[in-house]
Amino acid sequence: MNNLLRYIIGRTLLTIPMIFILLSIIFVVVRVMPGDPVSSMLGGHAPEKVIEQKKEELGLNKPMILQYGNYLLQICRLDLGNSMIFKQRVIDAIREKLPATIELTFFGMLITLLVGVPLGAFAADKRRSAQDYSIRLFGIVIYCIPVYWLGLMLQMIFGIWLDLFPIAGRTGARVFVAGFDWSGLYVLDTIVAKDFTAFKDVIIHLVLPSVTLGLVLSGIFIRLTRANMLDVLKSDYILAAEARGIRHRRVVYKHALLNAFVPILTMMGLQVAILMAGAVLTETTFSWPGMGRLLLERIYLRDYPTIQGVIVVFALIVALVSLVVDIIYALVDPRVRY
Amino acid sequence: MKAMKIILICLATAGLIFFAGNSFAKVTLVYGTTEKVTDMDPANAYDFHTWEIFYNIYQGLMGYPPGKTNLVPGLAESYKVVDDGKGYIFKLKEGIKFSDGTPFDANAVKWSIDRIIRIAGDPSWLVTDFVDSVEVLDKYSVKFNLKNPVAYFPSLVATVPYYPVNPNIYPADKIVQDPAALKGGKLVGLGPYRVAFFKRDQEIALEANPYFYGEKPKNDMVIIRYFADATTMRLALEKGELDFAFKSFNPSDINDLQKSDKIQTIVGQGPYIRYLCFQCKTPPFDNKIVRQGIAAAINRPDIIKKVFLGQNAPLYSMVPMGMWTHTDNFKEVFGDGNIEKSKKLLAQAGFNEDNKLKFEFWYTPSHYGDTEVDMAAVLKAQFEATGVMEVSVKSAEWATYKDNWRNQLMPVYLLGWYPDYIDPDNYTAAFAGTAGSKGNGIYFSDPEWDAMFVEEQKDPNEDNREAIFKKIQQMWTDEVPTAPIFQGTLYMFAQKSINGIMISPTLQFIYAPIEKAE
Amino acid sequence: MKYSPTATLARIISRWTQMGKKYGIEWWILVAGALIIMGVILMAILANLIAPYNPHDQNTGPQLAPPSQDHFMGTDNLQRDVFSRIMFGARTILGVAILAAIISSIVGIAIGLISGYAGGGFDKILSLVMDSIYSFPGLILAIAFAAMLEPGIISITFAVAVIYIPTYFRLVRGQTLTIKEELYVEAARAVGAPGITILAKYIFPNVIATTAVVFTMNVGDAIMIEAALTYLGLGLPPSVVDWGMDLAMGKKFLPSGQWWLITFPGAMISLLAVGFTMLGEGLAEILNPRLLEH
């Protein structure tokens, strides 16, 4: 136990410098952007004097070091500043959009696991067979398909030609969001509000985007699961289980898979990063009102604080998820801590 | 048991009738658009769509009847011009209240105008450029003291910055971005609708304002749904999820929807213009012959066919078609794709096949829609078809683009314009008058032109103003500070069951007369 | 000796079959990948000669025409030939991806070697920085970089290059740490060989094999990132022909039924990425069967 605690504390402390470094990189990247946000804010007509005044107000004339210090301090207070363009607190803008991305990422991950893991296990089981190679090929090809292109193809086939699913947004045009919007996670909200028409509507809007995101990423999981399964299937206790007469199917899909799954879990941290990147592209294709779209919109507007805020939140999420995953792994696998 | 059954059936039927009855009571229209709401505040909103919402939740002292371009009294019953055109006294309608009971009177008007001046937001120049001060003469009389006589002042008063807001609700010196930030959490004005719900980038719900002094709208609620892209909006309309949709469709969508028998097309001649600007202080564009030469090479029908699939109309003057005083000067002088003339003019300036005119041509990729890339590509091809120009195309997002024109970094660039008020002055002085030209990055300045602008702004005589504008359009083909390219056609699409949609060149799209036939 | 094309071909095929027998299907995967890549590279290089039309020519035929004999992949709304644009677009995507991968690898390997060998605080800090960048979603960082710089090929290349430096760094540093402890390295140090020599003579050659694999995977990834950035509109002027941009411009014609504008660019991006991935996987299995499991 002592070792475990030490590991957890050590690992948590490690997160801090990592976040710090990311924040610094973000600060530099965003500040160097060409394009003066102040004149865009004030419109093309504003006279020089007014622009200078605004710059003073926003503290853009202070030396970089001071701005940097301010920036770090603000983040500690969880104050991400105000949008330069819309007079809205960045934190509020993010709070509006974050649940949408979380929902998409969650269901995307679900599809990835549901598709990738069983296929990977099956391929490992049938090693060097035609099925194995076709599944591996499928894995490679699907990962190489651009997420947004797959999205467009699915939109075309299932949304337009077959007209089975909607191709954009989280809800239909006639569904009144105000009626149930509470946390922003609409699947949850509609259940809580007992609005089942809206629930069905929300789910059906989730189908194409999460399938798009999930399918593309499943390629990685196919390979991961297969590789880990191959290892596990060689081990002694599997041999023993087979010898004891346990049904082959059970051995593979229950015992082996469970053991193979743990290393997969550790990759989840990295996968979340890839998922979020994929989510940004999926959001643009499906007009999903999430953080990815927010980021792109604000980049066009040169809205420094919001851009910074969004990337900071992404960084925090990634850091948090890898922290949690590493700790879970440590709990589960004693080898890690010693 | 049988009795139970009968009672249950009766209750069920009653329930059905009750609910059915209720469902007829509310007519809700769903309206789709790809535009965005910016600030829910007349002191800072300066975009097409937010103004459209304000036309429906607020009222001005003057206004336009739906679909028409003639000014009529709004909150004001009448007005008098005094002090040789420098003073306007408006007599307000009596007995109107804001929804919280605050009476609407001259104080509210003065307070609102002072607020605009104080906050000095984006559109405030529409007030501060013209108005010196506002006086309350009595409870229902308010006087505007102008800096100079302005012939078109009443049409200025019909613009959003002049709309009175409730002094008890709006903060005196802060811009309101979200209705939730107001006292009471709701945004209420004097118009036929009020805001019931607002979620940025998703939807805004406008319900009929029970306190409105005028005729009730023909529908109970309008929900505006925001779309990130035109394709989705077009599909939603086709599937019946939207009752009508406006701005902006892809050219291919417009063509398809026009052909559809399930959807009705409503077309309006928009006063939206697109044009080429020259940085008149950067050589060789300080030479008007060079500007003329480039303007001659523009082939408008080619652009309209390739980029817009035949929609929109070629424009041959900065004053749009359908507006008083418009003449096709550029067509007479240059025509389209006039390679011969272009080469001749540029040769005069010293440019030929061995010494090509090399320049950077700028566009902005998303502010005017994603057809800009194509437009730049087509124009580049047209310029280079003359054989004496070499064009490198560059782009910058809107924020940087504005920066660039202010800093005179773009020798030739594309721009667009929606009018603030309906008068040829807004299409000419803004680009060729010394102040306006600088503001738009053109930096054209000619005292003769400035004198003419001052003259037409002051002179209330229509014939005199007409003569001046016609002369200016003629002179435009000589100096060419900008070259007009096309005028935007407005397309609105609706289900066949919808009546009452009227688009007018004033771009004041009013929701009240829209009804759904069952 | 007389060299004839058929003889050379026959020799190549027999050598390949030998390798195929030795390494199994992994070899054929590698070959398939390499062939795809060669095909696209050839198309890119010879575009000038074999493309039926100029990709910028706005008068090649009817507007928005479906694939036909004259236009294998149809035309777009500016009346340009899609097939020619695909051929020239290959140059852009390959150019950016390969150049970015080269830059990443040089920088990443260099600092990986130095950091791994030097050790100490410098190494710790650098590792931390690299780990932080590595764990962050690459695309998002690339978007931020691309948006920050002026639109153009150089900016995109830079944006793509930066995000892969940590990959090389980690790989090379890890190997450096291991090799550093080997006996022969200690011996070299004892004799007084300077650090640079040790790095160059002993460590670097051992690192090369695995780096090659990572390089091919890297190019595959870079292709996807380049296409994503241009698709999002973050990068190139219309004078550059690019698959991602054509995809973005073409998608608004989808509901009107003009599928060829997005199908071909998308298919090409996928194909090229698949080619590099297969090459990488095949190479990995053959050079070191255990590598994939890391």
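Just a few scattered comments:
Here the chain labels run A, B and C in written order, and each chain numbers its own residues starting at 1.
Operating definition for what follows: a contact is a pair of C-beta atoms (placed from the backbone, for glycine too) under 8 Å apart; a residue touches a chain by one contact, two chains touch by 3 or more.
Predicted model, so just to flag it, every value in this text is computed and none were measured.
Between A-C and B-C, more C-beta contact pairs join the chains of A-C.
Compare each chain's C-alpha centroid with the centroid of every protein C-alpha atom shown, and the nearest one belongs to A. Averaging Cα atoms per chain gives one point for each, and the point farthest from that of chain C is the centre of B.
Mean C-alpha position of chain A lies 39 Å from that of chain B.
Note on chain placement: the centre of chain A and the centre of chain C lie 24 Å apart, centres being C-alpha means. As a whole-number value, the distance joining the C-alpha centres of chain B and chain C reads 47 Å.
Contact of a single residue of chain B with at least two other chains is seen at positions 229, 235, 366, 396.
Residue positions 34, 160, 284, 299 of chain A are each in touch with at least two other chains. Residues of chain C found to touch two or more other chains are 251, 254-255. Interface of chain A with chain B (complex): residues 34-37, 39-40, 42-45, 50, 86-88, 96, 159-160, 163, 167-169, 172-174, 176-178, 181, 284, 287, 289, 293, 299-302.
Listing the residues of chain B that touch chain C in their complex gives 229-231, 234-235, 250-253, 255-256, 305-307, 309, 365-366, 370, 373-374, 376-378, 380-381, 392-396. Within the complex formed with chain C, the residues of chain A that make contact are 17-19, 21-22, 25-26, 29-30, 32-34, 128, 133, 140-141, 143-149, 152-153, 155-156, 160, 223, 227-228, 231, 269-270, 273-274, 276-278, 280-281, 284, 295-296, 299, 307, 311, 314-315, 318-319, 322. On the side of chain B, the complex with chain A involves touching residues 30, 32, 38-39, 46, 120, 122, 125, 175, 177-178, 196-197, 199-203, 205, 223, 225, 227-229, 232, 235-236, 239, 241-242, 366, 396-400, 402-403, 405-406, 439-441. Chain C meets chain B in the complex at residues 56, 58, 63-64, 77-79, 151, 233, 237-239, 245, 248-249, 251-256, 258.
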